[in-house]
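Alright, structures below, take your time with them.
Both complexes shown next keep chain A, but they swap its partner, so chain B is in the first and chain C is in the second.
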Partner chain A sequence: MPNSRRQFLGAGLSAAVAGSAISCGASNGASPWRFFTAEEGRTVDAICDRIIPADRDPGAKEARAVNYIDLQLTRPFKRYRKAYREGIAAVDAASRKKFGGRFVELPAGQQTEVLADIEKSSAAFFELILAHTRQGFYGDPRHGGNRNRVSWKMLGVPFPPIRGLERYDQPKVG
Partner chain B sequence: MKKILLISALLIAALVLLAPGATFYYETGGGRRCTSCHEMQEVYDQWHSSPHRGVGCEKCHGWALTLEMSFHLNNAERAWTHLRGDLPERVRFPHRYVQAIQEPCQSCHRQEFASWQAGPHSATYTRIFLDKKHNTGNMPMDDCLRCHGAFFESGIGDLVSPVSRTGPWRLVPAELANMPSMPCLTCHQMHRQGPPLRKTDVAGRVPGPSQEITRPSLAFFDRRTQQYIPLQDLPLPVMLEGTRAVKMSPDRRQALCYQCHAPVANMQVASGDDRTGLGVHEGISCLACHAQHGEQTRASCASCHPKMSNCGLDVEKMDTTFKSTDSQHNIHWVKCAGCHTKGVPKKKERIS
Partner chain C sequence: MALKHVNALIVGAGAGGGVVAKELATAGLSVVLLERGNWYSAADCRKDDLRNQRTTVLGNAFGPDEDRNPRVLVDDRGEGIVWPSESGYSNNAACVGGGTFSYGAQAWRYMEKDFRMRSTYGAVAGSTLEDWPIGYSDLEPYYEKAERELGVSGDVSNNIFQARRNQGLPMPPLSPNKEYQILLPAAKRLGWHPFDLPMLRNSVPYNGRAACMRCRWCVGFACEVNARTGTHNTVIPAALATGNCEVRTGCMTREILLDDHGQASGAAYFDPHDRLQRQTADLVIVCCGAVESARLLLNTRHRLFPNGLGNRYDWVGRNLHAHTYPAAAGLFDYDTYDDIGPGASIAICDFNHGNPGLAGGGMLANEFIRLPYQFMNQVPPWVPRWGQAHKDFVRTAYKRTVTIMGPVQEMPMFDARVQVDPKVKDYWGIPVARLSGKKNPHTLEIARFTAGKAEAWLQEAGAVRTWQRIPGPSLSGGQHQAGTCRMGNDPKTSVVDQDCRLHDVDNVYVIDASVHVTNGGFNPVLTIFANAYRASHRLLEAWKGSKVRS
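Let's turn to the complex of A and B:
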């Protein structure tokens, strides 16, 4: 019986450790993103920053448009995963070919030049990330972008609106 | 046969211990291990830079060694959701937990909790959604949930039945009947940045330069965006009496009040649920009269009257109804002419 008890406790401990290990295995390792690798995330962030750069108001980087794109790629944008993977690789390839370095390592002016090339050579991807950057910048913060409602503040959109209801103003029923 | 029984018992034991084992693993380490799931990183960071950073996760989220099976099953369900890659847009607190968190709030903030419990903001779902007078005048609608039941995870049709003005009405989730419809988390954001706070001292409780005006947790839970809007980002409206802009108190805390006690689109004082001070009380903050958690007001009259009264009357004995918006004596917008219908007499010189 002592032997059985030991086995029982051992199995319980193993289960606990196994549970932890399973859950640890579910983590996405070194990448802070859900879909992107760490490098891809940096590249997309830099592209978004060039599409809507900050001026006196925050831009797409501050609005965390990349977070919106990454989050939605695990949800309704799943169908664009391949397009992103290939598009990001194309951006880096174009960057290396033109300036001999990765896109994120280039100064802003050169990044803009690379994107101007991509707009012609990978028009579909450029249109895609352009649309998604706009959505991430102007959309509802609940979808992952527009952090701290930065674009709404820029536009002067009063949020949340102050709108009450008329009360006890309806004719009696019955 | 004996071997089969032993293996079965071991398998069952392993399964039973799997969930609490994993929970125990995650709960040790101050929540750091939870961030191995990407979606937890933001809430973890917010908590560990919040005024409540010294409070362990388990205080609100439960402790691994509980025998409550639903706790472990919920965690297992979350792990399964994560493993499937079915990530939520936002990590949010389920409605049932919002209700349960009242208890840990109460354990430290006893005075505030007791005051809230005695006041109108602790109104239950029954009181709010089964009010015959209200429901016969105004159909229950999704917009009600903007302030009452802001954390309820579905629409009005899943809360009240029938959605009509004829009734009789009942709550669809009957277990909500005695639950507060405006719990602490409606106006207080827990996961937000701010320095660790100390308990307000005596100087902070009385009017003066050291008086504590706001706490960093003050925020409005916006149901539409599923986000908290911090107090400093909430708009203070420009209220109107006809075309005249009404003098407003600069007290920022009122921005929180205006989210629910709001005028209709023409921004007229006393329209909709607005109770902006007008007449003799114009320019006074809501919080000058209403207690922060209990909303009680009666005792507040004595802080200004009779020393600031123009007529020397005992205002606490006056008819200052607040329920009838038609009354000229309504405390929110009573004017001198409301009582002195034949003209306001000149102020008498005080004889000292």
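Let's turn to the complex of A and C:
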């Protein structure tokens, strides 16, 4: 489990809430997302797509892992807001430097190369988005990812998760 | 308005506290049971794979509250604040039932040697390894009482290594799942002694509760049909039924109150509306789990106990340990997954003791069913962590992977400890637990050994590839946390006596995993239950109507 939101004591306890002071991209009205700006959302979507690509089965993009991450950044992941804002910027900076364009403009092969660099240079952010993409793909649809239970269908996991009973929260489409 | 005085105030409604509440209330004592968490019911069973008591990426389902309960962790990276859903926090649970509300319910008796580790193996470098002041035979009748009164299923008759028992388990095992059928003949071919896991889980209707319906997601979740047994659906309702016990939930205890002579007079706690309350009592029984019990004692300061209650010789909070969990996984060329929960079903005790050059060992069993997201941890080291190759592996291997793991008995460390932090406070302004220390290197040696045995078992069973997972050296705590208020005869090297009473004060007891001197090569809860029955019995023998005999 990533531990990157751990606050070191030198920084003071007030750091505990610092993350939630980062403003939401959605507040400027132009973004379809709750936290991400429209551009950030596209970048995260593209990163998710590289982490779990589509093949004969849908990947993290089709599962809407980006929606999961964006939604959780308004909830338990509030503390990761700063890491995302900076991490996404670092991905675009690395793309420009290496291939002269923003991450979303690069072909898949070049995106993979950039991410492999980021895995080393921005390790903390990479671990975060790797874990969150997996959660948004393999986790319960009720949290905004795994749309239409695509990963569970891929793995052949029966639904609902418990035999004989169907009164659990069904995923809200979103 | 002053709260009505009671005989016994029990802090913490988990494994230990639940049993004590029932025993004392049944004997006619008036009891108040304080619990900081909520009382959940089967209807709170959301089967949420990202938010439960085992996978906590979106939080703990059964406490403690994420934003109100920080701790401080000191490790190689420095000292920092950790929150309940993070791995270094060492969480168990905070609710009526404590860990037993959502646990895996493996129900193990320790072996005779587990109570005599120091006599059996001698000193281990760097460790405070010691014998318990009591032996297996002192606990045997109470193990039996726990198995019958709470209800344990399984069939341990093939476990030739187990200590003498007077009776078998009261319920038959669940019918075998596919992993069991694969692993049973392999273990036998290796000359080992496999048997059906003992579990606090009804295989047939028992004590008015239903049988297990074998669902996929069990450990970490609430049990929808109350087939899994915790203190919340057994002893705590029984305590309430006596009319002598009141449970107060949402009550965070701050400190034990002491009179001028240093005797306990009750406890101060914050009620659900954050009002500070004082509950007076003849006896205070601390059952908060290993980390929080130590914290409560250390936060109790008095002229006579300037370093915390029970802490005259600096042993409170020391020896925090749990279990090191090595694992091996095996990939098969056919589906091993049959969707029949809870999954864990077969075990061996061939490597708990008698391993050449090693001070102990641990039980091995197949793992509970892995949720798809949990499976991410099982992907072998040679598979790339992302991209097409990772997805390919997960798709092929999810239903073809069997994992065997087991709790290795740890060598306790004096410097693996709980303190109270001088600066950081929780939501209520109470100084938080500060955790520091490491595992003993020998514990990791034992872990490598048992992981090798787990891997050999999978190979014999026909796995086409196998791999191991060995934990690192960082502090052990979490669900199996124990050891912080060691039981012993010498007040200079222990915190409570054989009866679980503080050496320092006559009318304060600690009855939970904190008192474990060592923690066996097994999941600890049945021993916590048995010891709680035993300590309650001892307390009642000493009870004199308004006080306990000194």
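The definition used in the following text is that the second predicted complex is superposed on the first by the 133 of 174 C-alpha atoms of A that agree within 3 Å, B and C clash if a C-alpha of one lies under 4 Å from a C-alpha of the other, contacts with A are read in each partner's own complex, and residues count from 1 in each chain.
Definition applied: a residue touches a chain if its C-beta (ideal position, glycine included) is under 8 Å from a C-beta of that chain, and two chains touch if they have at least 3 such contacts.
Computed from a predicted structure; not experimentally measured.
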item	value
Which of chain B and chain C A:R149 touches, first, second, both or neither	first
Which of chain B and chain C A:L130 touches, first, second, both or neither	second
First (chain B), second (chain C), both or neither touched by A:P32	first
First (chain B), second (chain C), both or neither touched by A:D55	second
Chain B versus chain C as contact partner of A:P158, first or second or both or neither	both
Which superposed partner A:D140 touches (first chain B, second chain C, both, neither)	both
First, second, both or neither for A:T74, with chain B first and chain C second	first
Residues of chain A that lie at the interface with chain B and also at the interface with chain C	7-8, 13, 16, 75, 140, 142-143, 158, 160, 162-165, 168-169
Residues on chain A engaged by chain B in the complex (per definition of touch)	4, 7-8, 11-20, 22-24, 26-28, 32-34, 71, 74-75, 140-144, 148-149, 158-160, 162-170, 172-174
Residue ranges of chain B touching chain A (in the complex, touch as defined)	6, 9-11, 13-22, 24-26, 36-39, 41, 79, 82-83, 85, 87, 89-90, 133-134, 136-138, 143, 165-166, 220, 222, 224-227, 229, 233-235, 237, 258-259, 261-265, 267, 271-274
In the complex with chain A, residue positions of chain C that touch it	46-50, 56-59, 66, 70, 72-73, 77-83, 85-88, 213-217, 224, 339, 372-373, 375-376, 385-388, 390-391, 394-395, 398-399, 423-424
Residue ranges of chain A touching chain C (in the complex, touch as defined)	1, 3, 5-10, 13, 16, 50-53, 55, 57, 59, 72, 75-76, 112, 115, 130-131, 133-135, 138-140, 142-143, 151-152, 154-158, 160-165, 168-169
